Amino acid sequence: MKKSLVALALTGAFGVASAQSSVTVYGTLDAGITRTTHVANDATQIAKRDNNKLGFRGVEDLGNGLKALFQLEIRYEPDTGTFESNVRPLFQGQSRVGLQGAFGTARLGRGLTAFQESVMAFEPWSGLPNVAGYQTNLQVAGYTSDPLSVAGNSANRFSNGAFYNSPVWNGFQVNVTVATKEANGNPAIIGKGTAAAPQYAANAKASANPYSISATYTNGPFAAMLAAERNGVESKLWSVAASYKPLAALKLMGSYQRQDQSHTLFTNTDTDAWVLGLNYTIGAGKILAGYGQKKPDGVLKTKQASVGYEYSLSPRTYLYVDVAQKKTPYLVTDRDDVDQNHYALGIHHNF
Amino acid sequence: MKKSLVALALTGAFGVASAQSSVTVYGTLDAGITRTTHVANDATQIAKRDNNKLGFRGVEDLGNGLKALFQLEIRYEPDTGTFESNVRPLFQGQSRVGLQGAFGTARLGRGLTAFQESVMAFEPWSGLPNVAGYQTNLQVAGYTSDPLSVAGNSANRFSNGAFYNSPVWNGFQVNVTVATKEANGNPAIIGKGTAAAPQYAANAKASANPYSISATYTNGPFAAMLAAERNGVESKLWSVAASYKPLAALKLMGSYQRQDQSHTLFTNTDTDAWVLGLNYTIGAGKILAGYGQKKPDGVLKTKQASVGYEYSLSPRTYLYVDVAQKKTPYLVTDRDDVDQNHYALGIHHNF
Amino acid sequence: MKKSLVALALTGAFGVASAQSSVTVYGTLDAGITRTTHVANDATQIAKRDNNKLGFRGVEDLGNGLKALFQLEIRYEPDTGTFESNVRPLFQGQSRVGLQGAFGTARLGRGLTAFQESVMAFEPWSGLPNVAGYQTNLQVAGYTSDPLSVAGNSANRFSNGAFYNSPVWNGFQVNVTVATKEANGNPAIIGKGTAAAPQYAANAKASANPYSISATYTNGPFAAMLAAERNGVESKLWSVAASYKPLAALKLMGSYQRQDQSHTLFTNTDTDAWVLGLNYTIGAGKILAGYGQKKPDGVLKTKQASVGYEYSLSPRTYLYVDVAQKKTPYLVTDRDDVDQNHYALGIHHNF
């Protein structure tokens, strides 16, 4: 009877009772002094190298090897304090809940696709975005996983997704992401239509269920990935990647991607890209180096070369220097290519 | 003297010194696979069943039975990572601070009104919003507590509110919420005015102080509520509700609400609604069932029937299935009613 | 080999592994009942006295006296649950990361300028914004540190800043903040230009690097500050301030500021302001009092007088009462000055 009383009473403190929990608050704050030449904002800047995160996550042990997982992750700009790019949704990083057990991990919500999450291990900057890193522009061949979301949204996540990661069998793992066809507020995409009748109207549903599959294999110093993905406007991408460690301190890696946009383009439907790189650890220091190219067919190549150095002050904090050059071709042939140079010096702190 | 030095020095770490504290980070992440027929987005979706929260709260013991309380609560969409409905304020859930002692609990800020918070205990889905639950549409009779806030704002909270909850005396508790008349950025409400001279202009102040009162009584297996509320455009609502537990595992419940919009409408000023329901617990499972109707006078009825099943994996985590049907009448008589069917399967995790 | 496997596998829980950390969640929730006469919203309100914060911060010990620091701080309105003023960036308070050691503290990101942070110690409300406090309007002489950010942004921070605080040498400390010239999305500022050709176009870069310097000195009961600052449109401000404690319970304080806007104005380019105040502690109570004036040259004076009382329920929580009067002159001489009266009664809770 006492219990009933308490159950109805508004304590004023916390309307909904809930069992005790343990939420981990975590994140990344990376800021540096950078300069990129030949861009609109060609000036010394305070900017970031990594994506900056503030997240909340937890694991609940349900017994019998079963666990409940949740993770919510904000992304932000450290130099101005805004949400990432000042336009991203609250939990741009991810918002997922699910179960983990002997069957693997199954989650619902929003997050990186299987391909986008797997390919980072084969990128010499560990999947950091450009300028020095390769993932955003080269490694995914300019492909976007989520063309049917609001303008400014992230390019490598699925909203309304179901995410599955298998257990690791003898070094082998399969990851599958499938999204619904739900409309997510995109602007019109003309595609093979016309301005008056775009192929995908504003706030269109996907014309096929977006999916992403990656299979990874690890055997001692060797690791490899095969992946395929289709987005909401039926662009397709496949990718193969591998890494090898001839020494414990040295990791060599490479990846190749091919994108097919024939569902929305009449010409130049295929784009391919490759990235080679290495990481070499010396004491508290780590050298990063990479080179890559992207070639939309019939169009001149984009080429990028980068070197970086990270010096660890602790397992959570390092200082870094990056130098990179990106050649972006002019389509007008009588002009030279643009050589975009990039310099960065900063601090990266995980918390 | 050492102290003065430290007081002035900018440590670079934390500009304002503050005594040590203990903040609880808590929340809910609920996501499932749903389908609702006969709606604009009639498709399989990843969606939510509960309101999703990420909150921060704390209680400070001030001695002599006095406590200071605060609570800040974000609401968000798990499938896209945005704020709730992509338009809600940062702390849509609540932002309140106050004191608790022998006198009860007194708080200031934004939060659920006394009626809206009390009536949830008499709803078979415990106040979860539609589709399967009854609170949003039926149990509050389509009434909104906050019509003078910005478009898209929550319907069952007061901003600029003072909140009081009495102690529980012999099973009896009184809860009172009063809000100021402050302008909160509403769009114009024509009401009994004209488009040129709306009854409430854009960003109008309330014409009377909004208030909400609920009285609850609990005696062993029996509980009851009486409540009355008036919003900023002087719509009035009263409600009576009761629940009974013939068995420890079975809770029967019902509520009735009547809304009077005569201050802003010429016709069909009164709406009444009732909801009946039950919860039945079997081991780790819980069966939910409900039926309700809403009738704006002179207009055909909205009817809703729902059944649900929750299976607890732990005190914090459960899986659920819902099936619901809502009949919304067409005002044009030669068309059939719309039978909106709803199916949901998902996971609900408190952290 | 086991390690390689784990490194590649997507655990489904947390894509990026990170060392264990300790994040402190902290903040302020201040809400009260206020009334300010002769303003657009002249009505009893639920409002705030202090800036309300929800923050995340941490310190990592790197050994050898070196520490890594980060701090992210949300600002919000407690009465409506929105971001501060409903327009501020996510981390309006600050977003900074850096290192602290024998050399002092060096950070990058967004935060209060050296002047704005130092001058608070010489304001009788400890830097609380108006209405009763003096910092926002009088103590900084109407000067804004950040005129080249988006409309509605904070007035006393630098985005894209580098922040340095020296160690304290014999009571003496120097603080320096420098910002880049990066464009931050400001609306056009006509200045000495024309509407067609504003002196600073929309989204203009700073015409000179903004900087802020403060030097503080503390010696027993005496403290003093000298500061100078220049913003992105080359307005300049200098300030001198001092405080003295004749008794342990009594702090007397005063500050003077002068602003030069000759870079963007043809006339009335200089504004000066001064504030005098005291804090007197009696048991759990604290009396606050202040008086100040601001005089843009050629224009009548703004005058403000305030008294306040704070009663501590604990080191983290106090109740307060404020009464203030601000005389704002009408430029049209045949009208009386506006006497704006302000009353506030509320609770201030640090967590």
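Order as written gives the chain letters A, B and C; numbering starts at 1 within each chain.
Keep this in mind: a residue touches a chain if its C-beta (ideal position, glycine included) is under 8 Å from a C-beta of that chain, and two chains touch if they have at least 3 such contacts.
Every value quoted in this text rests on a predicted model; they were computed, and no experiment measured them.
Contact topology of the protein chains: fully connected, every pair of chains touching. At the interface between chain A and chain C, under half of the residue numbers appear on both sides, which makes the contact a different-residue one. If you average the Cα atoms of chain A and of chain C, the two centres end up 36 Å apart.
Within chain B, contacts with two or more other chains are made by residues 25, 98. Put simply, chain B touches chain C in their complex at residues 1, 4-5, 7-15, 18-19, 21, 23, 25, 56, 58, 60, 62-63, 66, 68, 70, 72, 89-99, 108-110, 149, 159-162, 179-184, 205. Of all residues in chain A, those touching chain C in their complex are 25-33, 41, 43-46, 54, 57, 59, 69, 71, 74, 76-83, 86, 98, 100, 104-105, 107, 112, 114, 117-118, 121, 163, 165, 168, 171, 173, 175, 216, 218-221, 223, 245, 313-317, 346-347, 349-351.
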